[in-house]
Amino acid sequence: MSRFVAMRLLQVAAVLAIMSFVIYALIGLMPGDPIDLMISSNPHLTPADAVRLKALYGLDRPLIERYFAWAKAALTGDFGYSRLYVKPAFEVLLPRLGNTALLMGASIICAYALALPLGILAARKPGSAIDSAVNMLCFAGISVPPFWLALMLILIFAAGLGVLPAGGIATIGDGSIPDRLQHLVLPVATLTLASMGGHLRYIRASMIETLRQDFIRTARAKGAGETRVLTRHALRNALIPVVTVLALSFGSLFSGALITETMFAYPGMGKLIYDAIQGNDFNLALAGLLLATLTVLLANLAADIAYAVIDPRISYR
Amino acid sequence: MVAKVYVLGAVRRPLTSYDTDWKPVCLMCVELPSIENGLAEKVDLGNGKTGMKLTYTIRPEARWGDGVPVTTEDVVFSYEVGKNPKSGVIDSDLYRRILKIDVKDDKTFTITSDRVTFDYAIHNDFEILPAHLERAAFADPATYRFHTLYDTDPTNPGLYNGPYRIAELSPGSHVVLVRNPYWGGKQPYFSRIVIWAVENTAALQANLLAGGLDMIAGELGLSLDQALGFEVQHGKDFRLTYKPGLSFEHIDLNLDNPILADKSVRQALMFGIDRKAISDQIYSGRDPVADSLLPTLDPGYSSDVPRYNYDPAKASALLDGAGWKISSDGIRRKDGTPLTLELATTSGNRTREMIEQVLQAQWRQIGISVKLKNQPARVLLGGTVNRRNFTMAMFAWVSAPENVPRGELYSDQVPSAENGWSGENFDDYRSPEADRLIDAIETELDRDKRQQLWQQLQALYAEDLPSLPLYFRAEAFVLPHWLEGLDPTGHSAPSTLWVENWRRAGVQAAK
Amino acid sequence: MRRWRDAWRDRRVAWSGSLLLVLACAAFIVPILAPLAGQEWGGVDLYRRLASPSLIHPLGTDEIGRDLMLRLLQGGRVSLMVGIVAALAAAGFGTAIGLFAGFRGGRTDAVLMRATDGMIALPLLPLLIVLAAIDLKKIGVPTSLVDSEAISLYRIIVLVAFVGWTTVGRIVRGATLSLRSRDFVRAAEAMGASSARIMLVHILPNLASPIIVATTLAVGEIILLESVLSFLGVGVQPPIASWGNMLTGAQETIAFAPQLALYPGLLIFVTVIACNFLGDGLQDALDPRAERRL
């Protein structure tokens, strides 16, 4: 087990190293540089100023040289300064990471809290009215544009009924827990509804598959109650493939979080990365993308380990 | 950037500024130097050049937030930082123009400037830094921009000399301002002001309605059409103030383009668009149509300029006269070349994208085909335009009152590879007459004579049309009915420079 | 052929197929016919901004007075075209990778599938935003192309095809893997046919059904992705309308013009759900035993 984890951690490091170079190079391909922006926003700048500022920010050296300089600094924990926030990039990122983790975590919990019972309910009688309704819900979930879903929720609950805030993380001047929770409702609902369809589909399919197996029939024949059959015997087995899907879904969940955060002005990582890219804040965008990748990869790893825990048949060497 | 300027306005005072009537005033100094009061004099610099000696006295009561008086030592230190090429100061021209600073005593100093200009007394961007705190950070000038206390210890009271100081700073979220006990000027009414950064305008409006916010600053709050929408719904609960400002929305034309090189085509482009309808229908008339490059409030403004009211017939006649004849597909052609132009603006700016499509439709009516090619602001303004890679580009200039458009119109200000792409004459406008007027305005100290020159320059601009003037953008302030004393400036100086005047209605300002 | 008729009997296939067909016809034909109704009808008119629905403008007008229905159909044409073209490109790419991985098996398969899993697991949206922002001139795309008005369209097609192939890739790989051990493939191998020949002549034709199914599903997925990118301002750029970019800014006007936010999103939703139903129905009819998509 520990050897497996070590191997996977090594993989994570390798992927990160590759990604860092790819992203670094891509960001270098973005048009315009911060100095050009300064020049265009300041009429008094002279050519000498431009050259001086370029050298000051190290923008006059070739890409590969800059990458290695960056990587060397990054390994010591120095990810450079954010241009927009005038702070070390990581100092800007860390509080945002917590907000995003809260949003993603809450929505995973909500998605499963809804998808598990619905999936089991549907799987009990495939083809029934309940199953059709659940199926419809799956399709709706995977087909709805998440930003539009957010817009509609804002339209109904914030602009229309006025019962929930349209965005932000807390009412200004009020930082109480109920207030913060209230601000979480719409973002979490958006992300939950948008990501639930996929999970629900697998839970349902996996449950149907499991309920057909011999050991379920055996359990039923032995007179185990329906609830016990469903939860003790079937669910545990049905969850195994579901966990694989969960592991692979963190990436798209992060993408969903980016949209949700942008829509609700929620100060999370996704929105920060988006703003950094739009604002030519190279250091911040780079550090943000890498931190997001790392988080997603670690979440994958955690799901893989969970896989080993719930499935006794699998042992890792 | 604007947000930073806005906050700093309440906590740090520059030497001088323009007030809400667009007149130069002293903020940190006692009296503006002028030839009449003897505080300004021309000096011979040798080598045939003339400069100026300007004497300023720092307000006697001015103190930093830790009680240390603001002195000439601070002024000299700020000058050292500003002129040091390694310090990362962007606008080094301001400091280059200052040849030296002579200290007379703790409060009085003399600036020797390398030239004579009409706005000699104005040093709005000269920020005074607290030498007693910042000198240590400046020990190594190359790392000053990382070590400056404004970034590493922004709540240090000693950094601020305004009526307020920063008590709490949470970047991207909010700033808490509290009274600076050592402020010697008029006592501000509010003991505490919290400035929130809410990027999402829907959330901004919701918070205002929920009472979490009291007001929305016009400098960086709602766009005009959002404010107009807000006024329709909640107009009676708030006071909406629209201040037409210095943001000059216009379309830069690349005069190297053979089609645009022809003045009659440029004039036809103007006659072919209904700016009045755009202003009235989209902006409820709040954004006034621009006739030339200065807004009505500007001291140099003149109404005596050629005007371009919507007149498609006249536009067509001009184009016909220039040899552009309408062909079967409704597009004009000359010698087989279609009259096709490209228009770029900052993508993601919904208002501009909207206006652009209106203009495109109107030009199509007179036989001009315009392709839209938008780019994000950072690309358009951070590369395309200053490398002169455009045909027509719509954006805004924001400047100070009576700003001489040297960078924008002077013939030696055309960006090129040779000059490192500096200068803002993106159009490649080269007019000896404009050059002459700009030189003359800059050095003309007589108010009336200068006004005549301004009139000539505005008329020349409107006649030549190196760029197409559209309108002056208004800033929309959403204020509660109970707030008094907040006067929008409409120019680049934030209204927070007079934050000590803000008060509750009916309350006389505390002395 | 019979299988196709069977498929059409499936209610899901019939309904979503007809819906998509009608939508596509309307989107491709109406904008072409629109000029017949005169410049006035569909064009910009500042004096009828945000008009309410009427006989002449069934859904009302947008912020600069254009007919909203016409605008939606124009947007539909772009969104559908991006969806279909990019899905075909993605299908080609995915088929090549899936076929190769499934046929070669072993280490090749393991590496390719790891890469596919990796693609799925990465947070792709921020990466796409970076990709959409890069300066095409710096990677040697001809200036004339970069400067064309439709460049945002080409760019988005390439981008979404680049990330959209994974679904097809996995499905094709699964199907190839099972075909690989079938007798007719073994026989061809025994007769000394080259690998390329076996893949193209013996295996590929048998993959038609799963590829069609996967491509149908990919169309929906890609329309969704396009709308997200266009909404974020890095996809299709105005004045070209797409359902995604029509929604940009709708948030700001939602309080007094909710119809601008409602219709484009509704059309995306309906189109994508129809693609999903169609794909699902086709799968049951054409390829009932195939591996379920991820």
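As written, the chains take the letters A, B and C, and residue 1 is the first residue of each chain.
Note that a contact is a pair of C-beta atoms (placed from the backbone, for glycine too) under 8 Å apart; a residue touches a chain by one contact, two chains touch by 3 or more.
This is a predicted model, so every value here is computed, not measured.
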Chain whose mean Cα position lies farthest from chain A: B
A-B against B-C, pair bridged by the larger set of C-beta contacts: A-B
Centre-to-centre distance between chain C and chain A (centres being mean Cα positions), rounded to whole Å: 23
Separation of chain A from chain B, taking each centre as the mean of its C-alpha atoms, in whole Å: 40
Separation of mean Cα positions, chain C and chain B [Å, integer]: 45
Where chain C touches two or more other chains at once, by residue number: 133, 135, 251, 254-255
Per-residue overlap in chain A, given as positions that touch at least 2 other chains: 31, 154
Residues of chain B touching at least two other chains: 202, 348, 376, 379
Complex contacts: residues of chain A adjacent to chain C: 15, 19, 23, 26-27, 29-31, 139-140, 142-148, 151-152, 154-155, 159, 205, 245, 247-248, 250-252, 254-255, 258-259, 262-263, 270, 273-274, 277, 285, 288-289, 292-293, 296-297, 300
Of all residues in chain C, those that touch chain B in their complex: 43-44, 46-47, 49, 63-64, 133, 135, 147, 149, 233, 237-239, 248-249, 251-256
Residue numbers on chain B that touch chain A, as the complex places them: 85-86, 88, 90-94, 142, 146, 151, 171-174, 194, 196, 198-200, 202-203, 206-207, 210, 212-213, 348, 376, 378-379, 381-383, 385-386, 406-408, 419-422, 424
Partner chain C, residues of chain B touching it in the complex: 201-202, 223, 225-226, 229, 232-233, 274, 277-278, 281-282, 342, 347-348, 350, 353-354, 356-358, 360-362, 371-374, 376, 379
Of all residues in chain A, those that touch chain B in their complex: 31-34, 36-53, 56, 81, 85-87, 92, 154, 158, 165-168, 171-174, 264-265, 267, 278-280
